[in-house]
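Dropping a structure here in structure tokens format, bear with me for questions.
Here the chain labels run A, B, C and D in written order, and each chain numbers its own residues starting at 1.
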Amino acid sequence: MISGFIAQYGGNIISLHEHVDSFDKTFFLRVVWDMNGFDIPGNELDGAFNPVGKKFNANWSIRYTGRKLRIAVMVSKYEHCLQELLWRQRLPESAYEIPLIISNHHDLQPMAAYHQIPYHVFPITKENKDIQEQAELKLLNETNIDAIVLARYMQVLSKSFVDHYPNRLINIHHSFLPAFMGGNPYKQAYERGVKIIGATSHYVTEDLDEGPIIEQDIIRISHRDSVNDLVRSGRDLERIVLARAVNLHAEHRILVNGKKTVVFQ
Amino acid sequence: MISGFIAQYGGNIISLHEHVDSFDKTFFLRVVWDMNGFDIPGNELDGAFNPVGKKFNANWSIRYTGRKLRIAVMVSKYEHCLQELLWRQRLPESAYEIPLIISNHHDLQPMAAYHQIPYHVFPITKENKDIQEQAELKLLNETNIDAIVLARYMQVLSKSFVDHYPNRLINIHHSFLPAFMGGNPYKQAYERGVKIIGATSHYVTEDLDEGPIIEQDIIRISHRDSVNDLVRSGRDLERIVLARAVNLHAEHRILVNGKKTVVFQ
Amino acid sequence: MISGFIAQYGGNIISLHEHVDSFDKTFFLRVVWDMNGFDIPGNELDGAFNPVGKKFNANWSIRYTGRKLRIAVMVSKYEHCLQELLWRQRLPESAYEIPLIISNHHDLQPMAAYHQIPYHVFPITKENKDIQEQAELKLLNETNIDAIVLARYMQVLSKSFVDHYPNRLINIHHSFLPAFMGGNPYKQAYERGVKIIGATSHYVTEDLDEGPIIEQDIIRISHRDSVNDLVRSGRDLERIVLARAVNLHAEHRILVNGKKTVVFQ
Amino acid sequence: MISGFIAQYGGNIISLHEHVDSFDKTFFLRVVWDMNGFDIPGNELDGAFNPVGKKFNANWSIRYTGRKLRIAVMVSKYEHCLQELLWRQRLPESAYEIPLIISNHHDLQPMAAYHQIPYHVFPITKENKDIQEQAELKLLNETNIDAIVLARYMQVLSKSFVDHYPNRLINIHHSFLPAFMGGNPYKQAYERGVKIIGATSHYVTEDLDEGPIIEQDIIRISHRDSVNDLVRSGRDLERIVLARAVNLHAEHRILVNGKKTVVFQ
């Protein structure tokens, strides 16, 4: 067993979470241990663990908490989600850094400049979309990006782009999915007369708004709220929900289970 | 103006709420005033107010808080919502009483007996549905019922039945509408992998699960929760959301605005 | 290690939670495993595990999920918490049963009768308190009670009584502790003008309202709410918070850590 | 009556909220009306309304929504609350602007510079406190400041300073008041083992942490959270609660009722 392997080489388990999907009998495990005093050096660890992983026929990977995840943010014109992430990545406890911002507009350049982060503009039209996405992928690759966050990026990415970052492309949708998929969810919510609105952060798949959900939250509204009021209240929700999802991803707390996620808080 | 009318006859306003629907310019008003020292007796009030209502081309009605609303509950086999309502109607502050329970099953008869409330069973089949609904309507009518609450009643009512109680027939749906309409919403929620589940109380219209929403609430769930766990957690939500909606209705705090509600808390 | 012990005898781990208190370096562990196919029979398990527990200098105990916890409820005149627990103990998934209700008043006798549960009345005066508590303890002992729930029981229990049920005596306090300790918390909350009220379930210790907190929750209020409104809203909170705490206790999910609790959800 | 006065001069009421404090029989009213087509020009309005106010022996004031409230922010070294307010004051719907930041430290100067807002540093020692507060008051006065927000300002203001801004000095306290008054509330919360932490925004009075509460909110925590985790989670709460309180104040939605507030949402 995994905990046996860690004990055998003098490792000290810091935290351990497990989950059994009782429907399809899959077992999920996340173990964090201290490398101080551990007999196997980091660069030999994958090799040493390989027989254990094989024995259990496991999908496994080993990540190092000392290294910050490199996250690229894609934005359009809304600043609230970007600002939230830029602020958080500077916090000492942050598990990620943001070395790159990509946008289809120039509007948020000054905010990037203030945070001294490269900001690249790739305007998108129907005609140039393929070429621009190729250029974006090249840039992402050259910058050694681990994951991408769509911080209210108002373009649909092509399947081919999405396929480069499976379970590493995080979106924020401004509704309580699966309610109000597609465009203008606040207007939809207003028209339906709901008493609560939500926001959902999920991994992007080729099916729009249907990827595995990472995090959701809600706020209460009333008949007094106009569509604009919902937009304003929703901004606070979107950025908090997205920031939580990015934290969880950067701390390697999410295991994808088919169309769902296992989130070890 | 309405407040002028009340002042003119020596009425003391206890509370006043208004709302303007800025989209279609409808004005909603709820005024509560003290009849002590009011110059017009209750039985002449409708007539006296009529000219004011006409002048403003208003849909209006006058209700008396001293009189408890008479609510019939329709149930099947789940007891949690019924129990909640039976407990609450006995509270001294309750604005409603429950003089009648209708069910398509015998299961909850003992609970009704404990509360000394008549419990009538109308088994429903495809063949007898029309006849049974007619009998139910007759009974409801004879019992002077003001409003009906479907407390997890597992039968779809016919349009003709629904039409007898416009904006007076309250349902609880065990999802965060409009997500997971239709059957088995907890299973749907489980399969979609949402992180939050909800319950929605709404007026019943002929379009299933699409009537004006009165109240909603949610609880947080996780990947650890099975469908059964959702059912169990959801029970607490359903009964609280339904009870709040029934309270709001019985206290005449809800004005229906097309497919939406104005709720004056 | 514990998981090694379980594996050695053919046990299948169903769930495992751990927690390290980083302040005083205490390690907490809860493991659930399947006794089907486990090589050690239940009646030999304590003995077999003893050497493992000793080796780690652990406080440990083994509980069986198949056996329902026997809980006595102590009440005065408020019915909402008692009703909640009586309803829940009848649910098929309940981890506890209620074979005994003790009260200092006769008021809730009919509710106990409806649920066919013995209801014993011990009126308390300053003079007879010691004698009555002795009689209660005798009855609790004869009924093989595992834990006691104070469901808005309006008497302070003596230290000597409390000492008989360490970490097995659960109370509900109608405030967000440590705010508004002592009497009349809703009145205190009203006078302070808070925008949110709460309820707290905790283990009872000799220091009133200072025992280890098991569960808390809150609801939003406003300037419109009178003290009576707070009492009414609070009832919904109290019974839900208490019911959650009793569930957690009955499912053996709580480990007491000094003046705090570790709760494995 | 007030609505009569407005009607008399051709005003169109946009919103109206009232509240009766049933304890001391005080009546609170907030009316918003459209000045388009109103017969009395803005500069004569106070005079024209005076007789009405006198007749009802009312404390009244008239504010203009077209004019943004001028708010000064006082900070020390924590940036999260300041950043939140700076972002919001730039939103088109903001009812306030921030023409001045005062600090006892230089740390947040760059953030002020990015937003092009004057940032004045007044280091505080026991010896110079009186003189520095006098200088601050002079600067606040010269800048025509309507209200002051303490955005985690780590100095206690003197009674004399506080008296200059009655009900116009807003603080954020990082606990669910009245729990955990005074210093280090997150440490206090950790040690008490609460399951929920909160934040409270209130008007500052000479009694520390006892001023009228404007807004509160909470988040759920668990035994897993260290004091540092509480600090991190609490930051999100503090800035949101403070921002809501500042919005409410700037939109003139708060009426102070002794030691409490009436908040017309």
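By our rule, a residue touches a chain if its C-beta (ideal position, glycine included) is under 8 Å from a C-beta of that chain, and two chains touch if they have at least 3 such contacts.
If you're wondering where the values come from, they're calculated on a predicted model, not measured in any experiment.
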How short can a path of touching chains from chain B to chain D be, counted in steps? 1
At the place where copies chain A and chain D touch, is the share of residue numbers found on both sides over half (same) or under half (different)? same
Determine the centre-to-centre distance between chain A and chain B, using the mean Cα coordinates as centres, and give it in whole Å. 41
Express in whole angstrom the distance between the two chain centres, defined as the mean CA positions of chain A and chain D. 35
Touching at least 2 other chains, the residues of chain C are 224, 265
Chain C touches which residues of chain D in the complex? 19, 21-22, 176-180, 191-196, 198, 212-218, 222-224, 226, 257, 259-263, 265
Spell out the part of chain A that touches chain C in their complex, as residue ranges. 1, 3-4, 7, 13-18, 20
Enumerate the contact residues on chain B facing chain C in the complex. 79-80, 83, 87, 91, 93, 114, 224, 228, 232, 236, 240, 265
